[in-house]
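Presented below are the structures under discussion, each in the form of structure tokens.
Same chain, two partners: chain A is paired with chain B first, then with chain C.
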Partner chain A sequence: MKKKLNLAPAFFVGPHVILFAVFILLPTFYGIYASFTKWNLMNEPVWVGLDNYKTILFDNGSTFHTQFNNGLKNTFIFVLLSVPLLIVIPLLVAVALEHKKVKGKSLIQSIIYVPGLISISAGALIWLLLFNKQLGMAGNVFGSDVSWPANQPYAWILIIIITIWGGVGGNMIIYRASISGVSQDLYESAEMDGAGTIRRFTSITLPSIRFPLIYTFVMTTAGAFNVFGQPLMMTDGGPRQSTHVLMMYIRQLAFGNGESIAGMASAMAVLLGLVILVISALQYYVMNRNAA
Partner chain B sequence: MLSTLLAGCGEDNSKTITFWTPLTGDDGAYMDQLVKDYNATNPEIKVKHVITSDMYTKLSTVLNSGKGVPDLTIIHADRVPGYVKQGALEPMTAVTAAQPEIKQENYLPQAWSTGTIDGTQYTVPLDIHSNVMYYNKDLLKKYNAESFLDDNVVTIDEMLSLQGKLAEGDYVVNDALLGWVILGQIQDLGGDIQENGKPAVNTPVMKQAFENVKKINDAGLMTPFGEDGYLMFQSGNVLFSTDGTWSSTAHAGVEGLNFGVTNVYSPTADKFTNRSSSHLFSMMKNKDRSEEKVAGIGNFLEFIRENSIEWAKAGQIVASKQVNESPDFKNYMQSFFTSSEKEIESLYIYTYEYYPYIAEAVDTYCGDIVRGNVDIDETLQTMQKFVEDKIAEGTGGAAK
Partner chain C sequence: MSNQVAQQYDKRPRMKEHGAVKRKNPGTNISKYISYLFLIVLCIIWIIPVIFGITTSFRSQSEVVSSGFRLFPKEWIFDNYVSILENTSTAPILRWLMNSLFIATMHTLLVVVVISITGYGYSRMKFKGRDTLFFTLLGISFFPGVVNLIPSYKIIDALGWVNTAWAMIIPGLAGMGNIFLVRQFMNGIPKDLDESAHVDGAGHFRIYFSIIMPLIKPVLIVCALFSFTGSWNDFLWPVIVFTDVDKMPVTAGLLLLQDIYGNYRMIGQLMGSAVLAIIPTLLLFLFAQKYFVQSINLNSGIKG
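After this line comes the complex of A and B, so read on.
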């Protein structure tokens, strides 16, 4: 008997595959191609082989080399400062919200989640006003006489505050959903065996949610490497270029004030993509092995 | 049937002038009104105003593909040399031939000439928008500094004379549009940003310009780095704000802010410069633009020349002489800058091909230089290299 072709799966998966191919896959491959060219967006790209990469990685006298190194260094600082906080704080909040004695869980969750829905530009304006030395809370309430966006380490603190403020909610929701799925029997048995709060957390909660933890850790890290809006809005890369992250340089080169330098920008973007790929793979490998 | 339906949903593009602008702020609404007023005259071809955020990026995309190129655009003055070099701009020859009043004599000279490259006219100006200096009348009175405005030029020395005389929390000037201020100071000092077509950033004049402004900061008279100096002016803590013509509407909305406008401060009263730019109507290369549409564009631009008083509401200096010399225009604060030949001359627009890179370098580093966070000589070298490297990479496409 002739087997009937079932087109239903293709019907459901097809649109996603098409959108993924058109808006992610093709631009990615075109971006990689562009990284080997000299291109100003207006004219046809001219193939230059590895020239852009050589300049970025090895030409010490070049502005692009300096910008790449400075941008990558600042991006790493942001990742190291923000990622642990974006993992630990939502986890602690999620655990706390799962406690029986906490009332108004939905309201608290909403309050924590809502900042993530506000655009970075609007959030940045709010925080800049709050930390305005003369007009805001920083000076008037805390008596601070420092211009936060213009001095380190305050500039980084300000950027991290707005990042945590807007970023805690997403991971918290994932952790809450995972923790609520852990069998209460396990906690009750452990409690009967005399396990305290910390022991129950380390021996039951953490192992039970290891996959969501790996997922959020990898995704949060990858997201942090792409940071752009917070330093742009809060400090514009200053003071002394110390918060000028790599995505800001890439954006500036590709679509900045002057003529586009899209080939060089693409090469920087590819290098950043490789860094994210390697670090994500390492994270996954180490965490998955430890969790096994 | 599907094609009929789709055709019904769309519109006849041959009867519509697609007009892209980057006017994402309040000024977009004023342009909307101008377009609405024009369409109300029942022209044969109507104008469709499309406010396009990130317009230059989108223009690159459509120009590259050749599809969806708008019939008419508004671009900034500093884009003209680059676009002409890349062959992206259509000359306005047909428009000016069909509309005899669209000619140099009928517009502010700087605004018109930014679109003239090698004798060909590529743009028709809408406005000049300039760096200006607002002053707080109450604070000037409080500090007995009203005499600073006697000759309409506030000098750096006059500003420095207030050192040690201000109450805590008050400042003489803010750092709004600091990069524009520096570029104005270069003209005041008789310098330029190019020498024989080559970018000239690391120059004695540039250094002097930075040092002059730095003097004000070093005397504790400039709003602190990182604070919102624009907002501090609006809150009544700053005597002078060096922002733009377009800010007048926002300042006017602040209750109790008693303010006026004058020229940006200068080293001497003999020479003063208000670094400016211009919004220009232009036609990007588009093989599908019909002669009929070009004629329609001509009609629209002539309407704007005669009726753009609406644009003054956006705080801009309207380029059309018919409008900026009209009694109505005198009601607007920015008419100060067309009140005399000397004022008109003070509106300086950079037309150097690589100006955007130089402006980017100045904007990137000016804050740290003026605040003394970095070594000035070393940073000027970095800025020069910054511009040279970008020029070398940015112009190397197929358009050699």
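After this line comes the complex of A and C, so read on.
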């Protein structure tokens, strides 16, 4: 029956394979290749081996080295501050919403989800106004007379606030769906055994939503390493480069107005990619093993 | 889909029932109040910026500067919106909104076509190396996207797409996430359905259109909603790809506004622009709320 070459699958799968090759596969390989070259986006890349990496990682006198270290440090600060909150708060919301006697669930869920639909640039404008020294809440409600985006630790607090505000909804909904999938019998029999709220949470809810937890933890962390919009809009990297994250340096070097150094930026991108890859794998490995 | 998820959970070993006497649980009421308190405080914090942003767009500059933090304006004015819409030279926000609308709509339509056709291929057709191909692409797509950012720009440049909508519409179609979801969903549809249609002489296109498409509508709607909002709110890529003010989508435009409306000297205009930029996704959410929440079950399907 199947002797004839069947072209139908190629029609169904082929177009996407081409898209994938052009917009993911090719640029990924080219990005890795470019990291070993001297390149400024216009010229042909010139192979320089590990030179970019050596400069970035070890050349104390080079601005690339300083920028990379500073960018990576700030990116890590962002990840460490934002990820725990982006996991714990949505989980608490989902659990609180699961409470049988709580009314108005869909309204509450919508209110918490809506900021996730607001773009970083629009959200940032609103929060900047709210925390404007003269005009917003920071001065009038909290009585603070510092400019938040221009001073630490306020700049970080502001960036974290807008991140949490926009990011809690997505994870919350994943947790809600997962928790509502847990069989009610489990809870009922646990309740009959006298298990309290906390016990039910640790013994039933948490183990039951293990996979969504691992999934959101890994994805949220990987996403946080790519942070770019919040610091760009809120602080533009300041004060004194303290919120200048790695993605901002990568974009500046590759596409900036001055001399663009795409090879160096590519090497930084590969290093950031490796950090993300290693940490994701580690998270997955550790959590999966502990939970098993 | 939600049934599938539920079934999956029901397969878990159940906790042994001891047949204990039902005791009154004193924690229930306390936990109810704690839950309420927590949720209400959170809702207030979450909604205030949205309300404040919207109402500020109806305040006069003098009120913003003089009256401190008030949630609602003393006097509602519309001048800010009039002046935003009139400023077509430095901040053509209507233009930006139309650009965003075109980009997000085209992208969404193409996403639906590509993922349904591709998902059909990977789920309902038999060909050699099908699963190997699928999982290889899926594996590669997990590689952090930051690595392909700079070369992607080079490719867009080579295609002549810098400063054009295509730069935003096409590359996003290559992703594997939605295809994964669609394939998962399609795998849940009984094979007998298309096999009997096949026996009756229907070809793949026929089966795809008349049998599979109607059945996968829920997952397609969800993917469409997320594609639209994702495309509408994208920030990094448009900031890189667009230098021409007239061509950019509204997210990139708002970055310029911080300078154009002078360091918060024209706050009403700034907020009005932000409000205009969020209206479409908010409206979409209001109309399609149940699908946004349904999504969710589809998302959690990933945990497999």
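In this section, the second predicted complex is superposed on the first by the 272 of 292 C-alpha atoms of A that agree within 3 Å, B and C clash if a C-alpha of one lies under 4 Å from a C-alpha of the other, contacts with A are read in each partner's own complex, and residues count from 1 in each chain.
Throughout what follows, a contact is a pair of C-beta atoms (placed from the backbone, for glycine too) under 8 Å apart; a residue touches a chain by one contact, two chains touch by 3 or more.
All values derive from a computational prediction rather than experimental measurement.
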Three-chain arrangement built on chain A, chain B and chain C clash or fit: clash
Looking at the overlay, does A:132 come into contact with chain B only (first), chain C only (second), both, or neither? both
Could you say whether A:240 touches chain B, chain C, both of them, or neither, answering first, second, both or neither? first
Under the stated touch criterion, which partner chain does A:211 make contact with: chain B (first), chain C (second), both, or neither? second
In the superposed arrangement, does A:40 touch chain B (first), chain C (second), both or neither? first
Check whether chain B or chain C contacts more residues of chain A in the superposed model. C
After the superposition on A, what does A:255 contact: first (chain B), second (chain C), both or neither? both
With both complexes superposed on chain A, which partner does A:15 reach: first (chain B), second (chain C), both or neither? second
In the overlaid three-chain picture, which partner chain does A:147 touch, first (chain B) or second (chain C), both, or neither? first
Based on the superposed arrangement, let me know which partner A:194 touches: chain B (first), chain C (second), both, or neither? second
Let me test your reading of the model: by the given contact rule, A:25 touches which partner, first (chain B), second (chain C), both or neither? second
Superposition clash, chain B against chain C - the stretch among 9-17, 45-53, 171-179 or 297-305 that is involved: 45-53
Would you tell me the residues on chain A in contact with chain B in one complex that are also in contact with chain C in the other? 41, 128-129, 132, 134-135, 255
Partner chain B, residues of chain A touching it in the complex: 38-46, 61-64, 128-129, 132-135, 147-151, 155, 235, 237-241, 252, 255-261, 263-264
Chain A-facing residues of chain C, complex: 2, 5-6, 8-10, 12, 14-15, 17-18, 20-23, 25, 27-28, 31-32, 34-36, 38-39, 42-43, 45-50, 52-53, 56, 64-65, 68-69, 114, 117-118, 120-122, 125, 127, 130, 133, 137, 140-141, 143-155, 157, 170-171, 173-176, 179, 203-204, 208, 229, 232-236, 239-240, 250-252, 254-255, 257-258, 264, 267, 270-271, 273-275, 277-278, 281-282, 284-285, 289, 292-293, 295-297, 299-300, 302-304
For chain B, which residues count as touching chain A in their complex? 54, 56-57, 60-61, 63-64, 82, 86, 88, 169, 224-228, 231-232, 235, 237, 354, 356-357, 359-360, 363-364, 367-368, 371, 373-374, 382, 385-386, 389-390, 393-399
Quick one: which bits of chain A touch chain C in the complex? Just the residue numbers, please. 6, 8-9, 12-13, 15-17, 19-20, 22-28, 30-32, 34, 41, 89, 92-93, 95-97, 99, 101-102, 106, 108-115, 117-123, 125-130, 132, 134-137, 139-141, 165, 168, 173-174, 176-178, 181-183, 185-186, 189-194, 196-198, 204, 208, 211-212, 214-215, 222, 225-226, 228-229, 232-233, 247, 250-251, 254-255, 262, 265-266, 269-270, 272-273, 276-277
